[in-house]
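First subunit A sits with subunit B, and in the next complex the same chain sits with subunit C.
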Partner chain A sequence: MLKFLSKVGAYAKDAVQAAKYIGQGMGVTFDHMRRRPITVQYPYEKLIPSERFRGRIHFEFDKCISCEVCVRVCPINLPVVDYKFNSEYKKKELKSYSIDFGVCIFCGNCVEYCPTNALSMTEEYDLSTYDRHELNFDSVALGRLPTKVTEDPLVTPIRELAYLPKGAMEGHQVDHRQRRAGQRPEELMAESKEGTEA
Partner chain B sequence: MVMIETKAERMVINMGPHHPSMHGVLRLIVTLDGENVVDCEPVLGYLHRSMEKIAENRTIIQYLPYVTRWDYLATMFTEAITVNAPEKLANVPVPRRASYIRMIMLELSRIASHLLWLGTFVADIGAQTPFFYVFREREMIYDLFEAATGMRMMHNYFRIGGVAADLPYGWVDKCEDFCHYFLPMVDEYERLVTNNPIFRRRVEGLGTIGREEAINWGLSGPMLRGSGIKWDLRKVDHYELYDELDWDVQWDTGGDCLARYFVRVREMRESTKMVLQCLKQMPGGSYENLEAQRMQAGPKSEWNSMDYQFISKKPSPTFKVPSGEHYVRVEAPKGELGVYLIGEDNVFPWRWKIRPPGFINLQVLPQLVRGMKIADIMAILGSVDIIMGEVDR
Partner chain C sequence: MGGIDLQRSLVEVLTGAGLSSGAAKAIWMPLPMILIVLVVTVGALVCTWLERKISAAAQQRIGPEYAGPFGILIPVADVAKLVIKQGTPPAKSDPLLYTLGPAIVFISVFLCFLVVPFGQNLLISNIGTGIFFVIAISSIAPIGLLMAGYASNNKYSLLGGLRAAAQSISYEIPLALAALAIAMMSNSLSTIDIVSQQADYGLLSWNILRQPIGFVIFVIAALAECERLPFDLPEAEEELVAGYQTEYTGMRFALFYGGSYANLVLAGMLVSILYLGGWELPFPIDQVGDMLGIAPSTAWWQIITAMLGITAILLKTYFFVFTAILLRWSVPRVRIDQLLDLGWKFLLPIGLFNLLLTAALKLALPSWFGG
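Here is the complex of A and B:
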C-alpha cells in the first residue's frame, strides 16, 4: 500500500514538474504577444542593403584598360573582355565588355582587383528574369544604376541591424533617416582635444 | 496447432535524400524490425561538387569564394581555414587587429551555426516554434556580417594576411548591442526547451556514445565534448589570439543527445562573452576611433603600425603556394575542420584535402541508431549536426 502511495506521489510530482516547465515555455510564447513582428513585408517594405553589399556589378566603359585582371581573379573567369590592339597608339582598345549574371556569384573579386576601379558593386539584388540569357549584361546594361530603395515612393525602407542607432535592435521601430551608431572620427577628435585642453 | 506469427519480416526502407528533416540530401537505408532499427546505412554523394579537385586549378584568391559553400552555415570557418593553410605555409604574418576581427567573425559565425542547429534539432524532434525564434537572432548576426563583409552568407571576407576590409563605422557598437541582447535570448530558448518534459523524454539517454568510443571514432567538436572530453582546438592549437581571451571549454559528461545540446547552448554563451572581450581588447578599438587617432597623429603615428592594420599586405592575384605540405585545422562549430595542403611553388595548390567535421562525425550514426526506434533516427541525426555541403564537398 505504501509503495503504491509513494508511486502516486512520484507521479503527481512528475506531473506538477511537467506542468511547471510547460507553463514556463508557454510564458515565453505568450510574451510574444507584446512584441512587434520583425518580419519585413517584402514588396512593400524593403531592407536597405548595406554599403558594402555586393549586388549587380556596375562597369564604366571609359575607365577600363582591358588588362583582364578581373578575368584572372574571377573564380570562373567570367567577364568577357573583347579588345583589339591598336598598333597606331600602341594601346588596347576595348570593344565590348560583358558579365553574365546568371553565372556570377557576386564574390567581388573582380571589383577588388580592378586596377582602375572601372568595376563597382551596386545594391541591386532582384535580378530575376524569365529567360536566363537576359542576365548576360553588356557594357551598356552594366553601366545602368539601380533605383534606390530610399527613393522609391512605393516602398518603406527599413535599415538592417548594423545601421541602427545604438541601443535599437529592430529596424521597424526607428526612422531610417535617424543617425546610425558610432561617432564620426572628426567628432572623436574634437572630443579628445577637449579632453586634453581641459 | 495454429501459431500466430508475431515476428514480422525485416523491412528495408529508404529515408531521403529529399526527406524534409534530412539535413541536406542524405539518404539512409534503414533496416527495420517493426519499429526497431536493426541497421542503417548512410548514402552520401548527392551534393558532391568536387571541391578538392576544383582547388587544384584555382589560385587561393579564386578559390576563396567557393569555400563558403562547404559548410554554408558556419561560413567564416571555411574561409578561415582556406587562408590559414597557405598563410602558415608561406609564413605570412597576420596583424593583431586583423586577428581580433577574425576572432569576432569566427565566434559570431559559431553562434549562428549553433543557433540554426538548435532550430533544426528541436524541429526534428517535433517542436517547430524555436526554429522561428532562432532565426530572429541569426538574422541579426547576418545583418552584422552583411555590413562588414557585403554578403550575408557568402562573405569572401578573409584574405591571406588579414581580412578584406576593416569594420565599418558603428559596427563595434552594434555588435556589442547584439551581444547584450543575445544573452537573455539564450535564456529564453532554455526556458522554452531545456526543461520541457517532452523534449527531455525524447533526448535523454538517446544516442549515447562513451568517452573511449568517441575518441576511437575520431569524433570532434560538440560530439566529442559532449562525451566528457575537454578537447577544443582553440585551446589546444593556440591559433589566432584565443589565448588572450578569458574563456573555458564547454563540455559535458552525458554523451547523449541532451549532453550535446547542453554543450552547444553553453558554447553560444561562451562565444558571446568572447566576442564582447574581443570588442574591448581589439587594438585600436572601433574603426572610427582608429581613424580619429590616425588623423590626429598624422602619417607617422604609431596607429599606422603593423598591429593596427586589418591586413599585412594585400595578396597579389599571383600569390604562390610555396612547396611543402602541412595540415592546418580550426575548431569549427561542428568539429575539427582541417585542410591538408601540398604546394609546389605554383599559384595552384597541388593537393587540397579537406577534413570536414561533419563527414567524420556522420560515420558514427549507424552505431548510434542501432537498436533505437525509427523516430529516434531524426533526433540522433539532428544532434550529430551535419551539413551535407561539407560532408560531400
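Here is the complex of A and C:
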C-alpha cells in the first residue's frame, strides 16, 4: 500500500513539474509577443548592404584592356571577352564584354585580379527576371550603377546590427544617418598617420 | 433569470399580425439556425486570422498586413481562393467516401453548436441531453476522418485517418468523464442549467474553482479532440505530409480546414460553458440591476445584459483559442505512444478519481457541490 502511495506521489510530482515547465515555456512565447517584429518589409524597407557587399559586378568599358585575366581567375571562366587585334596600333580592341549572372557565384576573383580596376562590385542583389537569359548582362547593362538603397525615395533604408549606433539593437528604431558605433575608417587612417609621424 | 426571449416576442408580433401560431413558429425556426451557422463561420474565420497573427507575434514577425486593416481580410482571401480552386480527387480513390468524409466532419462540428448557448434564451434548442449531445455528435467526426483517410488511396492519408480515430477514441473518455463530473454537480446535462448553476456569486461560483482537476483534464482532452499541437498527430507534417488531408484541395479541403477551426471554437465555448460560467460576467449582473433599481424585465436592460453576456462568452472562448495558439508555439509535439499513454494512463485514472471526488464532495458538502 505504502509503495503504491509513494508511486502515486512521484507520479503527481512529475505531473506538477511538467506543468511548471510548460508554464515556463508559455512565458517565453508570451514575452516574445510584446517584442518588436524584426521583419524587414522588402521591398518597402531594405537593409543597407555593407561596404564590402559582393553584389552585381560593375564593368567600365573604357578601362578594359582585354587581357582576359578575369576569365582565367574565374572558377568557371564565365566572362565573355570579345576583342579584335588591331595590327595598326598593335593593341587589342574590345568589342563586347558580358557576364551571365545566372551562373556567376559572386566570388569577386575577377574584381580582385583586374589589372586596370575595370571591374567592381555593387550593392545590387535583387536580380530577379522572368527569363534567365535576361541575367546575361552585356557591357551596357554591366555599366549601369544600381540605385542606392539610401537614395531611393520609395525605400526606407535600415541598417544592420554591426552598423548601428552604440547601444542600439534594432535598425527600425534609429535613423540610418546616425553615426555608427566605433571609429570610422578615415578616422582610423588619420590616427595611424599621426602615429607614424610622431 | 428570465432574460431576453426573442422567440416569444417574434411569435407574439407575428400572431398579432394575423398569422396562426404554427406559421409564426415556422417563420422563427430557421432564423436562429442561420444566425448560429453564420456566427460560427465568422468565429472560425477569425480563428484563422488569430492563428496567423499570434503565431507571427510569438516569432517576432508581423503576419498578414496588407489585406485590410491588420490583415483582417486574409480569411476572406483564403476562402475565395479555396472556393475557386479545382478539386482533384486522386486516381483510384473512392469518389463517394472521398466527398462524404469532409462533409461528415464539417456537419458534425456545426451540429454541436445546436446546444451551445450565448445567453439565457440565445440558443437554437435547449434539449435535456445538452452536453451529452455534444459529446455524442462530436464523436461522429473521426468516422469522417477515417473515411477521408481510407478513400484517398494514399498511405499517409490512411495512417492519418487511423491515428485520428485512435486519438479521438482515447480522448473522448476523459472528456466525457470531466463533463460527467460537472453534470453531477449541476444535476443536469442541459447547457443552460450548467451555466445557471454558476451564476449566483459571479467569478466565485464558476466551476473552475470547484473542478480544477476536471478543468485541466477537459482542456487537455479538448485540445486533443481538436487535433491541435501538441496533439496534432493525425496531420503531423513531419511524418505524414498532412495526414488525412494530404489528397484534399479546394472546397473539400476548405471543409476540413473550416471544420477544424469551428471545432476549436466549439472547444472554447464548451470550456467556457462548463468551467468559466458561460455568458455570466465575473460579477453577478442581476444583483447590479437590483442595486440600480432596474426591473429585470426592462427591455433596454435585457438588451444590455444579453450583449454583455455574448461578449463575455466570446471573450472566454477566444481566451481559450489564444491559449491554444500560444501553446502551439511553446510545447513540442508528443509521439503517438506518448499520446496514448497520456490519454489512457494519465487522464483516464485522474478523470475517474475526479469523478469519485466530486461524488464524495457532493455527499459531504451538498451546499457547495450542488446536493
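Of note:
Definition applied: the second predicted complex is superposed on the first by the 183 of 198 C-alpha atoms of A that agree within 3 Å, B and C clash if a C-alpha of one lies under 4 Å from a C-alpha of the other, contacts with A are read in each partner's own complex, and residues count from 1 in each chain.
By definition in this document, a residue touches a chain if its C-beta (ideal position, glycine included) is under 8 Å from a C-beta of that chain, and two chains touch if they have at least 3 such contacts.
Bear in mind the structure is a predicted one, so any value in this text is a computation, not a measurement.
When the two structures are aligned on the shared chain, A:I22 is found in touch with subunit B and with subunit C.
Touch counts on subunit A: comparing subunit C and subunit B, the chain ahead is B. When both complexes are overlaid on chain A, the residue A:P37 reaches subunit C alone and has no touch with subunit B. Applying the stated contact rule after C-alpha superposition, one finds that A:P153 touches neither subunit B nor subunit C.
Residue overlap on subunit A between the subunit B contacts of one complex and the subunit C contacts of the other covers 22, 25, 28-29, 38. Against subunit A, the residues of subunit C that register as touching in their complex are 54, 56-62, 326-327, 329-331, 346. Within the complex formed with subunit C, the subunit A residues making contact are 15, 22, 25-26, 28-30, 32-33, 35-39, 41.
Contact residues on subunit B toward subunit A in their complex (touch as defined above): 58-59, 61-66, 129, 136, 139-140, 143-144, 146-151, 154, 156, 164-165, 168-174, 177-178, 181, 188, 191-193, 195-197, 286, 288-289, 291-292, 295-296, 317. For subunit A in complex with subunit B, the touching residues are 14, 17-18, 21-22, 24-25, 27-29, 38, 49-54, 69, 72-75, 105-109, 112-113, 121, 160-164, 166-169, 180-186, 188-189, 192-193.
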